[in-house]
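For reference, the structure is listed below as structure tokens.
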């Protein structure tokens, strides 16, 4: 599904947090939203997903908005854990879809194994370690097989090998046709994954381009400063 | 100021609303009324929390004086009890000759009867009438409802249940929720209801305002009080009869 | 003062003697209050939760009204229920006046605003935590209320227990609609009011202590069943 | 039913006529309940918060007792306060019986457990959020309670309003300790009880509606002052 | 201050989350605690700080424990924001120390500027963006000039230049005599900063060494697998 924003502005407490933004996103592959802290990345993702109220402008999906929402999943920057067991957290989106018990159970088992939490199925999710929570949130988003997936810093608290595993899972999902729109501060990760890049700064889109040209030679001043400012290892 | 504990039936009559201003006017005395059940009124007196009580339960009053809580018992006025019931009068109480007869009719007919059931002066009177009619309320079944409440609340219950009830005339006349109820029987001398004034003994409690209580007592038995009490009417009917001996 | 000791002694005596009337009254108190609690909870828990998740124009006003209803004087509730259920009232034909059912109705009206208000407050917090997730998962209003109640059940306990407390200790309304009829609608609180009126303070206090014991017992049982305190949050 | 309309009409008539007695009674109701609320809040808010941050052996039991105390029957509280303040009781010399002060004392006892219990529940949540930070900052117990009350003040509003509601609508206890003396200790609820006893339902209801309006007014004012709903959480 | 752990074990829900651990930490410089997700890093830091209850064993600081605690500050993995303004968040630890208003105000202004939140002083802290919250938590810890500072993934949500700024601030603090004990998943950061490394795995210390030898040639199997498993850019 492709999406376009028309003059979208988000104002909060008299301050313009985002916009005005006019944007057309491709309908497949990895779109990376990057930019410094407080640039408005989280706000942009939430606007696209429809959980953040916009002050003016319009967001339109190529399909009716209800259908669009049904196919989307979102992983929030700080994971939101239901106060239930790991198992119940994974099962919840499937229960909402009305799947039968056997199906749910099978998918839950599979995903718990993929994120290495098989042994913790009956453990209260809010007590997991930071990284474990992040992985669980990701699995809970993927378990419903979304066609559009929003990820807000999904790997911030993950160790190296978990990051590799997760990236593998995400690539698979994209191959299977899922569109992923994500933010990351990990420029290495952005380079590895991105098909398309949106560079946000101060609530404005400063540059939007395909990944290869962007990383090789950003055309905006802000973006090249950002890329150079980063500590490249 | 003087604290006087009175029973609900006295307060419900509305007489206090004319007496208190007159007292204030004549004596400059502010009387604070505590409206409670008979038993509670007596307890307030026993604890020395009020300066005098005005109740209608002779046996209890005499015990109060005998135990040294009260100085003496001064009869002030009386009114009478009446029997109120549904206007259809299924037990034909209206045709009864005496109150005993009326009670027997209710028992025989097993008509709904509401009893105060709160050990108040009214309740004790009702029990004495049942025993005079050779009936034992303990053996009564579904039709006899002991509601354990004050006069007003019991009248409300009777009104809602369309039942018979014995009430004092003052409460009845002043009662605003008569519904289908009607006064069916009155006038038997057995239904006489004497109110008495009992100052709390200053020997027992030094803090009670014995002088004020005495002043009030003198006023209550005065011709001025007689005039006010006897001329207090609701709907053209007198409620109380002054009978204090000077 | 000695009266208070006498009251405690009286309470023990009553419990010890297992007085039949006492058991009858106690059981009736429990039945009425617990039934009212269950009904009120079924109405107020979802409603309070719903109020926490809905944003509408007069929301602030609605919440103020709800809070104000916590102050509904029991006597007035009793009176209104009485008028509605009395023979000449609209529901007179049902013949509910002076029955335990009438008492339950009055208590439901009295405790529902309290339960709903506490629920609303408790749920706002949880909702602000769950908000983004539940909206993102495309849940219906109904499902949101369901998820909040399920996961916030421990905090809802206080709401329910406050409601129960108010119900079991209430006397003004049930006196009017129940009539305090011996063997039919007499419960602990109305019996206490009656004994107080009679001046039998020791007995009144004795019944009061029994009521508090009962209340404590119900609280301990519910706590034990729900293991509220077992392991901190969640 | 028609009685209910009559009650509403009566309420308007009373308000319209600005009856002096009515104003007197209303002001007294407010004074007594608000004073009781302030005192009870000063005791119960810190106590409930303290209970939320303390872990001790009989914690679970203590909380159950607190919850059970929410069910304290007002009549019993009234009786106990009466016995204590009575001339023959231990505090008789103070001469507080049948004064507004006595009514305030009784109401403080009745509403404190309710406020403390709701506070405790509301504060547990915030404490689980702040726990690590406040411990890490080496705060004293006192400072922790202070920080929680300060930052949780919006959620404590429900606790206070529930307490106010219970106080303003209460009649059983203040009837016993206040005595419902005209011009001295008569408040709206006792006046309502009095009129109900006289069978004057229209007047009783009228006073009831005034009481509810008053309660609504207080709630709206407090909400407005604290701007609870202004901007979601925080 | 140096600290030593003696046979410390943390058990939760019947599971051994950490330990048994016997450990002596140096009393200056950067100590990096690294290890995979769920290894027990957060638990270890909290034990050292004394906010996590231990099931057995003992923790002893070279100074009385009360004195030790007073000089410590902690930045939690998911930032805990007081529900107050940015300003009030920064001022709170100073108020606890009983500083006078002018002093507090000066320090607050200075730190707000250092983390780039000068314009947001009156903004509610819980509404800040993920990265801004992390920076605020860090400033709130440093503002009391602790002699020991615990940092649990302090840069997880930060952009590149913020990371560089924060690292600079941390280096300064160490120069000024603060001892820093931190966890990070960012191996590059660990390499840049660490003086000493503790490698945790499965609740156990698998290796403990000076930074240089550790990164060059880890002696334990687990540590070398961890270092290789990481995606080195």
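Should a chain be cited, it is by its letter among A, B, C, D and E, assigned in written order, with residues numbered from 1 in that chain.
Here is the rule we use: a residue touches a chain if its C-beta (ideal position, glycine included) is under 8 Å from a C-beta of that chain, and two chains touch if they have at least 3 such contacts.
The model shown is predicted, which means the values in this text are computed figures rather than measured ones.
Peer 1: Counting one step for each move to a touching chain, how far apart are subunit A and subunit D?
Peer 2: Step count on the best path from subunit A to subunit D: 2.
Peer 1: Mind listing the chains that sit against subunit B and also against subunit D?
Peer 2: Common neighbours, subunit B/subunit D: C.
Peer 1: Could you tell me the least number of steps, going only between chains that touch, from subunit B to subunit C?
Peer 2: Minimum step count, subunit B to subunit C: 1.
Peer 1: Measuring centre to centre with C-alpha atoms, which chain is farthest from subunit A?
Peer 2: B
Peer 1: Report the pair of chains linked by the most C-beta pairs in contact.
Peer 2: The chain pair sharing the largest number of C-beta contacts is C-D.
Peer 1: In terms of CA centroid distance, which chain is the most far removed from subunit E?
Peer 2: Chain B.
Peer 1: Quick one: report the Å distance separating subunit B from subunit E, using the average Cα coordinate of each chain.
Peer 2: 81
Peer 1: Where the CA atoms of subunit C average out and where those of subunit D average out, how many Å apart are those spots?
Peer 2: 17
Peer 1: Starting from the mean Cα coordinates of subunit A and subunit E, work out the distance between those two points in Å.
Peer 2: 27
Peer 1: Return the distance between the CA-based centres of subunit C and subunit E, expressed in whole Å.
Peer 2: 49
Peer 1: Hey, what residues on subunit B touch two or more of the other chains?
Peer 2: 36, 150, 153, 156
Peer 1: What are the residues of subunit E that contact at least two other chains?
Peer 2: 127
Peer 1: Two or more other chains in contact with one residue: find those residues in subunit D.
Peer 2: Touching at least two other chains: 89, 196, 201, 233.
Peer 1: Going by the touch rule stated at the top, which chains touch which?
Peer 2: By the stated definition, chains touch in these pairs: A-C, A-E, B-C, B-D, C-D, D-E.
Peer 1: Give the list of subunit D residues in touch with subunit E in this complex.
Peer 2: Answer in residue numbers: 129-130, 132-133, 135-139, 143, 147, 151, 233-234.
Peer 1: What part of subunit D is in contact with subunit B in the complex they form?
Peer 2: It comes out as residues 86-89, 92, 97-98, 179-182, 184, 194, 196-202.
Peer 1: Which residues, counting only subunit D, touch subunit C once they are in their complex?
Peer 2: So the residues of subunit D touching subunit C come out as 1, 3-4, 59-61, 63-65, 67-76, 78-80, 83-84, 89-90, 113-114, 117-118, 120-122, 124-126, 128, 155, 157-158, 161-162, 164-166, 168-172, 176, 188-189, 192-193, 196, 201, 204-205, 208-209, 211-212, 215-216, 218-220, 223, 228-229, 232-233.
Peer 1: Sort out for me which residues of subunit A touch subunit E in the complex.
Peer 2: Against subunit E, subunit A makes touches at 12-13, 35-38, 42, 77-78, 123, 127-132, 135, 152-153, 156-164, 185, 187-188, 226, 229-233.
Peer 1: Residue numbers of subunit E touching subunit D in their complex, please.
Peer 2: 46, 49, 51, 69-70, 72-74, 76, 80, 82-84, 92-93, 96, 124, 126-127
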